[in-house]
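Below, subunit A partners subunit B and then partners subunit C, in two separate complexes.
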Partner chain A sequence: MKKQAYERPIIQKLNTGLMNKYGTKTEYEPVTHIDGHAVHDLLQAHGSPLFVLSEKTMRQAFRDANRAFKTRYPKVQFAWSYKTNYLSAVCNVYHQEGSWAEVVSGFEYRKALDNKVPGTKIIFNGPAKTGEELELAIRHDSLIHIDHFDELYSLTQLAENMNRRPRVAIRVNMDTGVYPMWDRFGFNYEDGQARDAIHMIVQGDKLELVGLHCHIGTFMLSPSAYGVAAAKLSQLVMEVKKTYGKTLQYIDLGGGFASKNTLKGSYLQGVDACPTIDQYAEPICTAILNAGFTEDELPLLILETGRALIDEAGYLLGTVVSNKRLADGRRATILDFGVNILFTSFWYDHRISPAQPFGQYTEDAVLYGPLCMNIDVVREHITLPPLKKDDRVVVHTVGAYNMTQWMQFITLRPAVVMVGKDQTVSVVRKRETMASIQQEEQVPEHLKHPDL
Partner chain B sequence: MEELRAYLSFLRSGIRSSYNQVFFSDSRWFALALFAASFTDVYIGISGLSAVLIALVTGKALGFHQDKMSNGTYTYNVLLVGLTMGAYFRLNAVFFVVLVLASFITLLLSVWLSASLAFKKLPMLGLPFVLGIWIILLGTRNFHAMGLNERGIYIYNDVSGIAGTGFANLYRWLSDPGLPPLLVVYFKSMGAIFFQNHIISGLLISIGLLIFSRIAFSLSIIGFLSGYFFCTLVQGNLSDIEYSYIGFNYILTAMAIGGFFLVPSIGSYLLAAVSAPLVSLFVGALGHIASGYMLSLYSLPFTLVVLLILYALQNRYRLNGLCPVQYQLFSPEKNLYLFRHYTERFRRQAPVDIQLPFYGEWTVSQAHNGTPTHQGAWRYALDFVVTDEDRKTYRLPGDQLSDYYCYQLPVLAPADGEVVAVEDGIRDNRIGEADLQHNWGNTIVIKHAAQLYSKLSHLKKDSFKVKVGDRVRKGDVLGLCGSSGRSPEPHLHFQLQAAPYIGAETLDYPLSCYVSRRHPAYKLHSFEVPVLGEHVMRPLPTPLLTEAFQFIPGMTLKFEVQGETRNETECWEVMANPAGLCYLYCAKTASSAWFSNNGTVFYFTSFSGDKASLLYYFYLGAQKILLGYYQDLLVEDRLPPGELYNGGLKIVQDVFAPFHVFLKTTFAARYVSADNSQAPSRISIRSEVKAYAGSMLSTSVEVELLLEDRTIKQINVKHKDRCFSARYIG
Partner chain C sequence: MKLKKNIALSDTGFVFDPSTGNSFTVNPIGLEIIGYLKEGRNAEEIKREITARYETDGPGFEKDLADFVNMLQKLKLTDGNGKATD
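Take a look at the complex of A and B:
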């Protein structure tokens, strides 16, 4: 008989009475493997903590989304949202699947160029594009989405100076019936600002207006809001056609589709609460098809979905540093990763599974990160089986934003590996070393010798 | 001056065509050979030519159909009458007076008979000739000024009198060069078509015929031999064949049946061989009647046999093997190659463009004749589902309708039409259950044309966006895919039928076009029906392609050809003929390329003119273009057999063409790149035309089309040592 793993004893309060929503027993399965690779081996080989990306899941998610839209609407184009995860390997998976690039800064723009994305397939968004960056985008004939009037003016000036005709769209913000209404980006639909901007562009005749863009929010749980947005933009496209005789090529509905993560304070689990990609596609496509376009006039639908395409493909593997009992009696477990690299734990209750078999008993616990900072809490409440020092854990659904918003704070950032479609593991970002941080630093001559 | 030139050119083409029409040809050289052959007896030649001229002048003056005058339709019978008269009578002043009358009568007969037989889609063949000559012969019996021709009796005297004894000896030798009697009879029969008794005339005609058409030549031999051996077999009067201007009936019948009015094939050859004995019977039967009036039959047996066969064949329910030539090209080879080419290309072309009824890529889950349900009267139906990379139709766990990819997807109108029936209100089944009570579930039937309806079934309850009586346009959303009726999992049932009822029998009707994907490349299919497991899409036009290939009559395209030795320009004009068929015409090279564009696919149908022109290369390179951009799309097609092939095997091919075509020319275009595949402003299409002899590549042409600024910006051509590019300049 196999020797049973040791589990320290716990004291559990007995609940009697009706079933309650907390349950009594975990239904967690240990997650010992990711895409066929043992968590243990991965950590052994690449150190702990470690981000793991599944290429298979990424492609699968993309194809699902692509199918959901393309079977509902004839002209669909995805653009990979660089800010969601701009590791080159990740971007190129999506580019290989046919995605264009959606960038919001000069840095991301150059990153896309580095990834050999043709300039015409880069969408340049963002509220703070510099003159130099705009010039670069104009030279590459990218799609520039104008955020405000000042940008419109400088772009017009640049077009004149460079004697080019940049292809532009305006970002439109609008009331889609959800709170909060994002009105800090773009031109407002209801108060006529968007029409003013369109008028200036068309009448100014220096810029080529090719589309309309909007981005109504983030982690949007109500797909119907997209239907409203799509209908309003379609309406605007028709107005432009009627007023100026100008056919706009596309409608860009931005991103904001939710992943399967659970928002903090959410009553339901993410998997239950979040709409599927088909549920987003339905109102969007229906709205445009019903807007009254003839089949030849139907505009291209561009989607800048990031999170919904990658979140589930990302895992963070870590190790238990220690267990302790808090003064109020709760168990606290300290892990070797915290908010520094799992930035999204500020707004999600991440699902976390142990990476080794465990018994039937679970215990309420707090998960802390390794930082010597009070804010470093990974989960405030979690029901987990008792974990020992050096046990491994797997954090799910971390593909979006973490590998771009992570901080080099107190500790160095870990490696990122990708499990390829052929099951091979490749490092797509090396573990940071002293040198990688130090190389950017410069010390004035008189401070080189602290003489302690 | 200009008018005179036009008049002379009309006469020239009228004369040429009259000679040609006798042998169903339109070849300049063959006409010349026939013309020369008709002059082996100078008087006959003069008489024939005069008759044609008279008919052309009077016909033109009377205002008969210009084309039918200049293409010889109305005048070839006149020619034959003229020739016959030349052979019968002495040429004197009275003769020419009668000749004028004879040509006039025959012209009128030709106009009358061709018009009245055209209603039955039949040619008049030699009918006006036979009627005309009989009228003349019977009518002139009492004209004592018309003297019978005696040249044939003292021929050598005449010849040596005119050209000396040496020539007379040569003439004698040529008359009997010691050829086998069979050949002599053959040549004489050939000559007899133009009422020449001399072997040299038959020889000239035979050579001309061989050069004009190998098929016609082989048919002439088949017809002749078949007739000859039949006569031998039945121990008939062989001299009939040679001396009574009868033998040519066998030859002409075989040519008409075997290669001219029917597309040459094994069947047509057999029929040609069989028709010779028929001619023989007609000769015997009619001969008895005609001899009572001391008349010869001329081409009457040939005319009657051919008309009989053609009329009967036209009244068939099904075209089995023997196909009548639809569009006459005046060459058996051309008829055959065009027929083969068109049957390969447009075999299943249908009058109404039916397209797939959905967006995006779907998969055929049950094809025509599929199991379990596409059987019997409902065998021509298609079922579609949406699948993922693992060929699954659902995401896990797959026990809910909404787990199925195709559930609630929009269903579109396959073509323009009117909604004639809608059945709604049937609940979607749970997964795995089938509602056999309501077999078709929620269904819509759309009428597209008389006896052409499409039916879409198993839709979602209450999802219909249209109602009975609504007009719908191709691509309009009709409702959503569901799982009602006999549908254990969501899918779309699509069928075409001849009746407006739900449950009507299915119709085998092809889709006008669709795009299939076999990872990673796309392929265009025309006039086909998708097969089981095929991933299919409804092609959607891309503005740049649509605009670049939108050739509106009156438009001109000018290109500057660079490279090679010097720069030159070529200008194409878009023209349309009275029938509404369009072509690109290059005046400089006198070339025309005929095309068709249905809004989804652009294709060329034929080319005539200079094969070194840019237009020809464009014709090759844009043989078939899907007007929608799909990365790496492959468009395949065929060109007429022997197109581009420049080896000597072409003559061999002509001989064997009715039985086996081993020369083939293929076209393949690949959509290489676009600056973006959704709304491209630059597209490059690379096509390759390859000519094969058997499996051996003979020659190939590479053409690259670069589209930009709503037009064909550049054409790059690589053909053997030629390599040049042409730029659009306005």
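Take a look at the complex of A and C:
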């Protein structure tokens, strides 16, 4: 006789008056496949845990964003935000779609050059560019976005020494009605700093001011704030034209569009709370079109969108290591991945799905990572079907920041694979080994023999 | 030590403790185990019943049973201080 499927016994106390109208159960179906590939097979082939990227989803997200802006405004250019995910395979998907590169360090700048991005299509942001890095950017005729006066002076000096005229923009920070206001980067709009910087650049006549840049925040849930930013930058572009007779070529509104993740503490799920790309596009494009530019003078609109283009294309697959019961009766499940590779679990309540069939019963649990550190909590509260040792799970919406902010801490970092548009699976970053870590270390001669 | 005698069980997995007024839900395996406990069966007998009919091995089920019984104690569904499967 065939035995029946087994599910760990669970008992849950019923509480009245605590449920919200959306209930607590979030997972109704197991996620057994990603882009046609079985989760079990992917883990078998590449080890657990494993990051999986969907090229199809990445391209679709880009095309949706491109359509949202280009149907509203005639001159739009995306620049792929390298810090969001600078795996070369990822960058090249967006470059193939037409994105320029937006980098914030010499390391990222060189990655963009290695990816064969023409220097003229690299935007160099960031508050800590070295003299050597600025020289490199000047030689490649990149767009250098100046963050502070010290940088402005250094760049002016370099331009003179190199007998070149670098193309620059200034980063402008401003009050868009969103708090906290990001005023640590760039020159302030309201107190006149931005105008002073523009005056110095134009009057100094060593740098070619070609645009204005701002980046008002991250995971912004208020599209209207972008409308305010676009209006203020447009105003500044028109002031430059009026004051100096100079037509600026572009407005760069940076990034910060939210993905569909659920921020910790949010009442609604991310899919319900986060604006769509069209909701961002509408106030931005309307503000620039209404600013009073003639048709010929309309500036190019540059967007450095990262998270909203890749987060949903990333999955983290993992395995249950163990179950235990906490002193207060809560179920604790230990997974083979933690905050070391899922950095964004500090910010989000990630959606996590079992990868095998389950019944209708659920239990409240806390999900821990494998690190011997108290901070290693993947989800503080989650309602999931009973999971057992060696069960597989899928973490959704992890494409942004995790593969750049991850830590080689306590354990090694996993492989990253990409499911291509033709369904082939390619390793785009190999699983780390002892050798990949040890090769950077050097031990002084007298410490080579511990003599225990 | 045994499950409280006055615990009410429904066929659909609803558990009611009249002495505290608390209600609980259990999944089918949990319901079956509570039924055995009410009949006074011990851990070894329960393990035999479950492993004979379900896709689980002895050691795996023992661990789950111990955890489940521990929860019954935490939820005050057992009599006295001993283990429910003694």
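As a working rule, the second predicted complex is superposed on the first by the 436 of 452 C-alpha atoms of A that agree within 3 Å, B and C clash if a C-alpha of one lies under 4 Å from a C-alpha of the other, contacts with A are read in each partner's own complex, and residues count from 1 in each chain.
Everything that follows uses one rule, which is that contacts are C-beta pairs under 8 Å (C-beta built on N, C-alpha and C of every residue); 3 or more make two chains touch, one makes a residue touch a chain.
Worth saying up front: this structure is predicted, and the values here are computed from it rather than measured.
**Student:** Assess the superposed three-chain arrangement around subunit A: do subunit B and subunit C clash, or do they fit?
**Tutor:** Here subunit B and subunit C can both sit on subunit A without a clash.
**Student:** Have a look and say if subunit B or subunit C is in touch with more residues of subunit A.
**Tutor:** After superposition, B is the partner touching more of subunit A.
**Student:** What is the contact status of A:Glu7 with respect to subunit B (first) and subunit C (second): first, second, both, or neither?
**Tutor:** Once the two structures are laid over each other on A, A:Glu7 reaches subunit C alone.
**Student:** Which holds for A:Leu300: it touches subunit B only (first), subunit C only (second), both, or neither?
**Tutor:** first
**Student:** Just checking: does A:Lys232 make contact with subunit B only, subunit C only, both, or neither of them? Give me first, second, both or neither.
**Tutor:** Touch status of A:Lys232: no partner.
**Student:** Taking the superposition on A as described, I'd like to know which of subunit B and subunit C A:Asp64 touches: first, second, both or neither.
**Tutor:** first
**Student:** Examine A:His95 and indicate which partner it touches, taking first as subunit B and second as subunit C; both and neither are also allowed.
**Tutor:** neither
**Student:** Per the contact definition in the header, classify A:Glu282: touching subunit B only (first), subunit C only (second), both, or neither.
**Tutor:** Touch partner of A:Glu282: subunit B, not subunit C.
**Student:** Touching A:Gln77 in the superposition: subunit B (first), subunit C (second), both, neither?
**Tutor:** Touch partner of A:Gln77: subunit B, not subunit C.
**Student:** Is A:His350 contacted by the first partner subunit B, the second partner subunit C, both or neither?
**Tutor:** neither
**Student:** Can A:Lys121 be said to touch subunit B (first), subunit C (second), both, or neither?
**Tutor:** first
**Student:** Quote the smallest CA-to-CA distance from subunit B to subunit C in the superposed model, rounded to whole Å.
**Tutor:** 34
**Student:** Common interface residues of subunit A with subunit B and subunit C?
**Tutor:** Overlap of subunit B and subunit C footprints on subunit A: empty.
**Student:** Tell me, which parts of subunit B touch subunit A in their complex?
**Tutor:** Where subunit B meets subunit A, its residues are 358-362, 386, 388-389, 395, 402, 405-406, 408-410, 473-475, 477, 538, 540-541, 543, 675-679, 681.
**Student:** Per the contact definition, I'd like the list of subunit A residues that touch subunit B in the complex.
**Tutor:** Residues 60, 63-64, 67-68, 70-77, 98, 100, 118, 120-121, 249-250, 276, 278, 282, 285-286, 289, 295-296, 300.
**Student:** Going by the contact rule set out above, which residues of subunit A touch subunit C in the complex?
**Tutor:** 3-14, 323, 325, 329, 359, 361, 386, 388
**Student:** Across the complex, what residues on subunit C touch subunit A?
**Tutor:** Touch residues, subunit C against subunit A: 13, 15, 22-30, 33, 50, 53-56, 60-61, 64-65, 67-68, 70-72, 74-75.
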